[in-house]
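Chains: A, B and C, in written order; residue numbering restarts at 1 for each.
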């Protein structure tokens, strides 16, 4: 579904990614975890066509992301929920959802999908006609995911969906992510807060300073000393051979 | 001493002045019409260097500096015109009408007064952030223009003031341009310039690191207004007349084009921009004047010059947004050290 | 009575300023470009009327609308699209260049002298309302402006592309990430700004009866001030700013001592500078920002 090969990205003189390769298979949830500044957001922005790579390739379902406009990628089935959610605050919840369906023209189906989103996130139903900047952080995150779902993506990219949310809301968000996978959407999620992502991901990549430090299933990674040291604060010396 | 990186701007200035000297010497061999073009370019250089001191160092565009040209030009006119002419053209208070100063004294008086005026205008203006500051400078230009074209008693209103002593010849213009370059370079060597340049990328971050942005901007603003005013004085005494229309949007556009074309962050860029735009203008002016083939004269209609200028500016903005030279400064070979590198090492 | 007369003057002048400011504000809201060349769209409308003098009114109006819209789209395609990622200051300089370019092309073709154009001359007469004499042109201006603004509001509220434009105005990158076509919304914005500019040229030509290659400049300066006052990036703000600046201009004209009246514009711009200190973000923009916090 998504295949990234030897990807290098710069912002001017600042190197953000130096030779990343990763793969997301259809129907999987893949998590990329890593500390602040590791290049996680850059990775997603590049895949979504907002940032141009310096070299290497990003191929989404046969499309070359690095050469396409973001709006064309949305139409091709790739949606990004960026960090900080970026809902349109001056527009109503209804208008935000309607914008999610920008690339579609099947009115009846769109109406049905809006209903599905409202069933999934009932709180949006109560505030359907309100300006969306009145929503709480968690509600905004749900709106952002719902908006992305309305494009009927085959691949959904999520940038730090749990950032700044209360644990109970994080639970709801991840429940939604798992529902999405169940309905056939492939998910690539990026998180700084690893534990939640680990529990749902089929495959995990650890990104640090622009390179993939390690990868594997959560079972494979959790045992390794270096991983535990980095993400669970367990002393690396204790378990090392 | 000159190889010391701190003296780098001085090195640049001396090379540019030397180049200017060569141009001036060559100009003495050319016909008078060509010489006038070169003199005019040197005067524009004064203005653009003045503009560079503020725009280049602060990274903030000013659309108002031509106003200081107008103020300088009119003040110098009032100080140097004969009392008899002032009596017929203007309606000044008695002592100003009687006053007639030698031009260098008048120039000094203008510089000091404009410096104070710029301090007065810049002090509040430099508090503005973001796009509000360029907009306010725009307003200053328009206000100055409206006053200059209506205040008949002092400026003659819409009528031109004529009979200014035309002292700006090749060597006066050369001297003016050299001094302007030197002043810009000396300022470039100060701490004030360094701090201001460090604030270009991000004014919020600069303020957070303790740079007194308002003060640094104000210093550059005052110096730059004085240099630009000197350009206005030289220009008025080159043409010999002065009208409000001269110092408005078109001249603002031309001087900004010169600065942006060469590279607004570089003194060398200002020099190159003035040279480029002057050469292009002269070429197209030639075409507008026409050339004769047999019995027929082929001439382009007026306006071609300006069209060419606009196209060149657009092409540069698209192809080389930082100008032809970017932030390159001419000088002896050296290691590159930039503001960024210095800040990075400070942070460790 | 005198006050009412002034009020009507202020509203009709404000309406024209609002139309001009809307054209500038709309483009700025979507691509952070202060389009100085908007004045040349106004001028192009005027010269279309000049070139087709004698044709039926409908032909004149349609031709001018087409010319200004196409010119607006052309500016975007040739000059502004390659600069889409540039900062606002660079974009402003580029729009200066476009303005200078168009002005001098017209100078080349038509010369620098102002030329008379009879257009809507029948609107020069006045109607009497219980002692008030109101020029027909003012009434038409106010009515047309209100209709046009109502139409714009409906367009932004009800149409898909209108909604996409509002989204793009708020967060251009996010709009693209939901699939809004950047080129399409920008083209729409330019076409609408062309139409708005054309309305302003109708007013200017009807009022002054002449065209010249610099006719758009003073209007664009006022429009620019109006859109800043209203709040750059806010479409409603641009309209509000236009009316406000119109009211201030007319008040200054009416109540300044006679000897200071020639300096009216200097006062307008002085008030503008003071305003920048008070509310650099404009009237409406800052309110929206506060709500978000």
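Note that in this section a contact is a pair of C-beta atoms (placed from the backbone, for glycine too) under 8 Å apart; a residue touches a chain by one contact, two chains touch by 3 or more.
Small disclaimer: the values here were computed from a predicted structure and weren't measured.
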Chain with minimal offset from the mean of all protein Cα atoms: C
Highest-count interface - the chain pair sharing the most C-beta contacts: B-C
Centroid comparison with chain C (C-alpha atoms), farthest chain: A
Length of the line joining the C-alpha centres of chain A and chain C, rounded to whole Å: 42
Interchain centroid distance [CA atoms averaged], chain B/chain C, Å: 31
Centre-to-centre distance between chain B and chain A (centres being mean Cα positions), rounded to whole Å: 52
Residue numbers on chain A that touch chain C, as the complex places them: 48, 50, 69-71, 74-75, 79-80, 82, 86, 88-91, 95, 98-100, 102-103, 131, 133, 147-148, 151
Interface residues, chain C side, partner chain A - complex: 160, 163-164, 166-167, 170-171, 173-182, 288, 291-292
Interfacial residue positions of chain B with respect to chain C in the complex: 60-61, 124-125, 127-132, 134-136, 138-140, 142-143, 146-147, 150, 249-250, 253, 256-257, 260, 301-304, 306-307, 309-311, 313-314, 317-318, 321
Of chain C, residues touching chain B in the complex: 79, 82-83, 86, 88-90, 92-94, 96-98, 100-101, 103-105, 107-108, 112, 217, 221, 224-225, 228, 232, 262-263, 265-266, 269-270, 272-273, 276-277, 280
